[in-house]
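Everything on this sheet refers to the single structure shown next.
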Amino acid sequence: MTTTTAPPVLAERGPIADQPRFDCRNAYVDTLADLARSDHRIVGVVNDSVGSSKLDAFKKAFPDRLINVGIAEQDMVGVAAGLANGGRIPFVSAASCFLTARALEQIKADVSYSDRNVKLCGMSPGVAYGELGPTHQSIEDIAWLRAIDNMTIVVPADPVETAAAMRWAAATEGPAFIRVSRMSVPAIFDESYTFVPGRATTVREGDDVTIISNGTVLWRALAAAEQLEAGGVSARVVSMPTVKPLDVDAVLAAARETRGIVTAEESTTAGGLGGAVAETVVAHHPTRVRILGFDAFQPTGSAGFLLDRAGMSPDGIAEAARSLL
Amino acid sequence: MTTTTAPPVLAERGPIADQPRFDCRNAYVDTLADLARSDHRIVGVVNDSVGSSKLDAFKKAFPDRLINVGIAEQDMVGVAAGLANGGRIPFVSAASCFLTARALEQIKADVSYSDRNVKLCGMSPGVAYGELGPTHQSIEDIAWLRAIDNMTIVVPADPVETAAAMRWAAATEGPAFIRVSRMSVPAIFDESYTFVPGRATTVREGDDVTIISNGTVLWRALAAAEQLEAGGVSARVVSMPTVKPLDVDAVLAAARETRGIVTAEESTTAGGLGGAVAETVVAHHPTRVRILGFDAFQPTGSAGFLLDRAGMSPDGIAEAARSLL
Amino acid sequence: MTALAPEHVTMPVLGRLSPHASRAEQVAHIAEAARQIRLQDLKLVHHAGAGHIGGDFSAIDVLATLYGAVLNVDPDHPDDPERDRFILSKGHVAGALYTTLAAFGFLPVEELATFLKPLSKLNGHPNRNYVRGVEANTGPLGHGLPIAVGHALSAKLDVSRRRTYVLTGDGELQEGSNWEAMMAASHHELDSLTVIVDRNRLQQGATTRETNDLDPLDAKAAAFGFAVVEVNGHDHGELLDVLSAVPFRPGKPTFVIAHTHKGHPISYMSNNVAWHHKVPDEAQLEQALAELDRLQAEQKHEEVARATGDERQR
Amino acid sequence: MTALAPEHVTMPVLGRLSPHASRAEQVAHIAEAARQIRLQDLKLVHHAGAGHIGGDFSAIDVLATLYGAVLNVDPDHPDDPERDRFILSKGHVAGALYTTLAAFGFLPVEELATFLKPLSKLNGHPNRNYVRGVEANTGPLGHGLPIAVGHALSAKLDVSRRRTYVLTGDGELQEGSNWEAMMAASHHELDSLTVIVDRNRLQQGATTRETNDLDPLDAKAAAFGFAVVEVNGHDHGELLDVLSAVPFRPGKPTFVIAHTHKGHPISYMSNNVAWHHKVPDEAQLEQALAELDRLQAEQKHEEVARATGDERQR
């Protein structure tokens, strides 16, 4: 299932770290408004946080179609399930920490098990709220949702992928969770990119070692690969936007064709993308995997600071890759 | 950290499947009453379900010390955190599905992150409520809690281990989660057993292949090993009551000393004990692992039926082990 | 106890009366439906060896009234977007719901014989993907009301006249999610929403009063912006009148406190917390079936007497 | 904007008056504490470039009253089992709490200079493992009240006279967990529990009325079994009188609706939802500091006038 062409946009540009950065929430709200214009079924559902989900413009354009339930996440997800019962396509926007922790049983029962056409958008996930502490850091969301049946989990890496994932979700019946990052990221994909759930993209070829990543960490993986290349190491970078279902073929190709895998994500080291990759390789082709992520509640600090500190600076990722050679 | 002596009680008896079976909830309530008699700080906290937690006797003995908050799991865990603030040691007893799904943010924030001395007892976990459907089946609880920092997760295999884990939890400051099974299981350990968190026990020696298991599936793993021995295969059975922290040494010994690992648990295949073992071996000693568990919402059926159906009958586990040779 | 088998499933399919039937005819039809549902449900629980008979029997009169004469639903078009929605929030009484759906043609009556069997579509809590007419997969308490609010919002957005009904337990109202939903319902002025509370004053382990008192429940609901109505939850006439007359206050959702007894009307079950999920044995089954028959005879007698009395008074 | 540095931390440690101080002396002490806390908090938020100044300023008078004269807590024995407990449920105003704790000796004032810095103990929501005097790690809304109920239950079990106070936002009361806890609190007759609601009628994005109306809040709390009291949440005298007189009805927990303004008393912030988590720029900082000084002068003036008036009337 893996596409093997690197996105053209990457080839022509300089170092990824030097590219301009974008807040994916803008792509999120623009796409949502666009979808809403062409499909009257689409509605937004929020828990007070209109502003932090950047939904003010959407609210202005569709005042009736942004449903604010107040600070009540359980009700928010139940209401979304009921809206879906009534034929609507709700995009639930809430800080990922509260959406997933507070409404987990509603996600399991009312959305996944009930197979409702609800799109859960986890805003400002991972350590985006770094200074606000562990209660607001949403590093567990991926592991939590991965344990639940019937839930596609998407972690887009840039604005283009965020928009593409949303368009796919709007067009596809069934439960989905999309992480919408707050931390600015460089553009990785160009407009030719098509999102296919469960499909990885090799964003950089390489055959010594593979880095599998997604979300806000993908550009860091690319920067690590640039460094590694300078040091004579050929690192493959696999973009894995869909954590569930995982692109098993892409993982096994990496396991077979390179000497080891580094996974790098803005998530816990227990049960996230790294866990999914580990479960896959031990089943079919045991390989060394270095799982980068957060292994504990994180201290105070900016998202970038915390990612670097956890070994996910470009240097840190490159070092992890080298340790596998 | 691994003890290598098989529990003596096992050696002298016939096939494990023929042994009398016990409901661990009885050991649970007896131990709780016993602890409460000697330590006035111990209290119970429940969400209406006094009977299904078998706490009627406890309630009779300590009417003031069984706090029933009503059907309100978020409040239940918050109240437990507040009781701990006031110097009490609350044992929260609730169906594991509701305790973990409904109160996950309270578990994360009020217990784990706040480092409160609260003992969470997940009653009737896994597929114990098989006929009641996925909403009542608690197959995700282990994966959910494993993603949260500062939470010891214990899945006892029999009444002796249930009691031992509770005594350890009562004596040790800090958050803990103990799964208390409803499905009857044969006794595996005798009174000489001591529970040490993070320590596995080799309950059967073997060097061809290893089965790592816990909870209601451990006796099935032992039965599988009996079968395998009859077929000339020497299977090691490692009891791993503590899913977190994992006994890394025991896992790596199995990876080094045998030809592959089967994990078998009453839990999801994504992110549970199997996931923890996979994450461990890929980091240090890549090995084949067959992860047995539930890979989807389960249909209606008794717990035994569902375990068998998911490949965790003694036959099924033995077959998985043979596939690694 | 024999295992549940096809011969234990004997209920006739009742269907709906013509909308032109008189109120008295409707009430009689609902009463007969409720009786048939109770007879069948007893056998299901007895033979399957599990179920929540207490809560079933406290809710069956409400269910029979809704499906028998109130809801705009049609078993031939179960997915009609303009249908009314009924959400059983107290999902543990799935047995009562399945039997009701079968009585009114949504579920083949024969399929009731698979209740709680391995791989059955009829597990202990309803699954909409398996059973026509089920609107939400409930079971964990406190989920139905938020879902109902979501549906009522969709109806409002669609400028549709379809209504939303949700039945909750009373113990269930201890879940805060309900109060979140009620606040949102009144804020959005969802007067097409009707919440029916099965006010049997018992929960799983004890009375609501002993556990976590809900009284004054009317004042709570009123303070959360609902128009509150109280009815005898076993009186089909009262239920029919109230449930078809909603909303009572334009712009306000309705909160119907249906006073009921768990296990009603079986003498040894009624208002007895032990029967939350106890299973009647052979003798208890026979007694319950006999009591239902005796009650029917008494009611007929009373009706005749009342009719005669009515005539005399004229 | 310069980064937060030690020179921005200038607040004196105020401590408590002797319990023999007159009410007027206590009120004056609280007023001065509140003023100092506001001055310091403004600088923290301005220089750190983040914080929730609107909610801080709406709560500071309550915080200053509790720590200044009501709570039985002692910075020298922060773990005394018999201390009163104060739980800040609206954890996003951690800046106000840290500053208050520093003003009353729980936290070295200098440490305020680390607010929101990398690896600081003072993150955007309080952590009890790092900061003496913090009773619960809050931040997600709707957690404090259940914890407070748990502590009040522990006091009841201990037959202790220690009290429990919890401060919630008003928008926060949309979380159902609060209503679960309130039901349990009144069921268990926890009259040592006092819930204070910071009733500023604004939440993150809009007014409570626009979002999900809470009114009639007094009727809601009363129906949930609380004794309800309303106070001006910026009047230190009223706050002192009410918060030290609880409980008002034996056997009932107390619900204090403290009417406040987000951003009070700064002209450009007060009652303006934009200031939920906006950061004052240099000019706004100067203006706010100046307004606080002017207000102090005016209040002194008024007091003198009142005192003079009082004398004339005699």
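Points to keep in mind about this one:
Think of it as A, B, C and D in the order they're written, each chain with its own count starting at 1.
By our rule, a contact is a pair of C-beta atoms (placed from the backbone, for glycine too) under 8 Å apart; a residue touches a chain by one contact, two chains touch by 3 or more.
Since the structure is predicted, the reported quantities are computational estimates derived from the model, not experimental observations.
Contact with chain C and chain D alike is made by A, B.
When you average the Cα atoms of each chain and compare centres, the chain farthest from chain A turns out to be C.
One inter-chain figure worth recording: chain B and chain C are separated by 38 Å, centre to centre, where each centre is the mean of the chain's CA atoms.
Taking each chain's centre as the average of its CA atoms, chain A and chain B sit 31 Å apart.
Averaged Cα coordinates give chain A a centre that lies 43 Å from the centre of chain C. Listed for chain D are residues 127, 137-140, 142, 174-177, 180, 183-184, 187, 211-212, each touching two or more other chains. Annotation for chain B: residues 69-70, 72, 74-75, 98, 101-102, 105, 109, 113, 135 touch two or more other chains. In terms of inter-chain touching, the protein chains here all touch one another pairwise. Interface of chain C with chain B (complex): residues 50, 91, 116-125, 127, 137-142, 171-172, 174-176, 203-206, 211-212.
On the chain D side of its complex with chain B, the touching residues are 81, 85, 127-129, 135-140, 142-143, 145-155, 157-158, 164, 176-177, 180-181, 183-184, 187.
Put simply, chain D touches chain C in their complex at residues 174-180, 183-184, 186-187, 211-214, 216, 219-220, 222-225.
Looking at the complex, you find that chain B touches chain C at residues 48-52, 68-72, 74-75, 97-98, 101-102, 129, 131-133, 135-136, 299-302, 305. Those residues of chain A whose C-beta lies close enough to touch chain B in the complex are 98, 101-102, 104-105, 108-109, 112-113, 134-135, 139-140, 143-144, 146-150, 244, 268-272, 274-279, 281-283, 286-291, 295-297.
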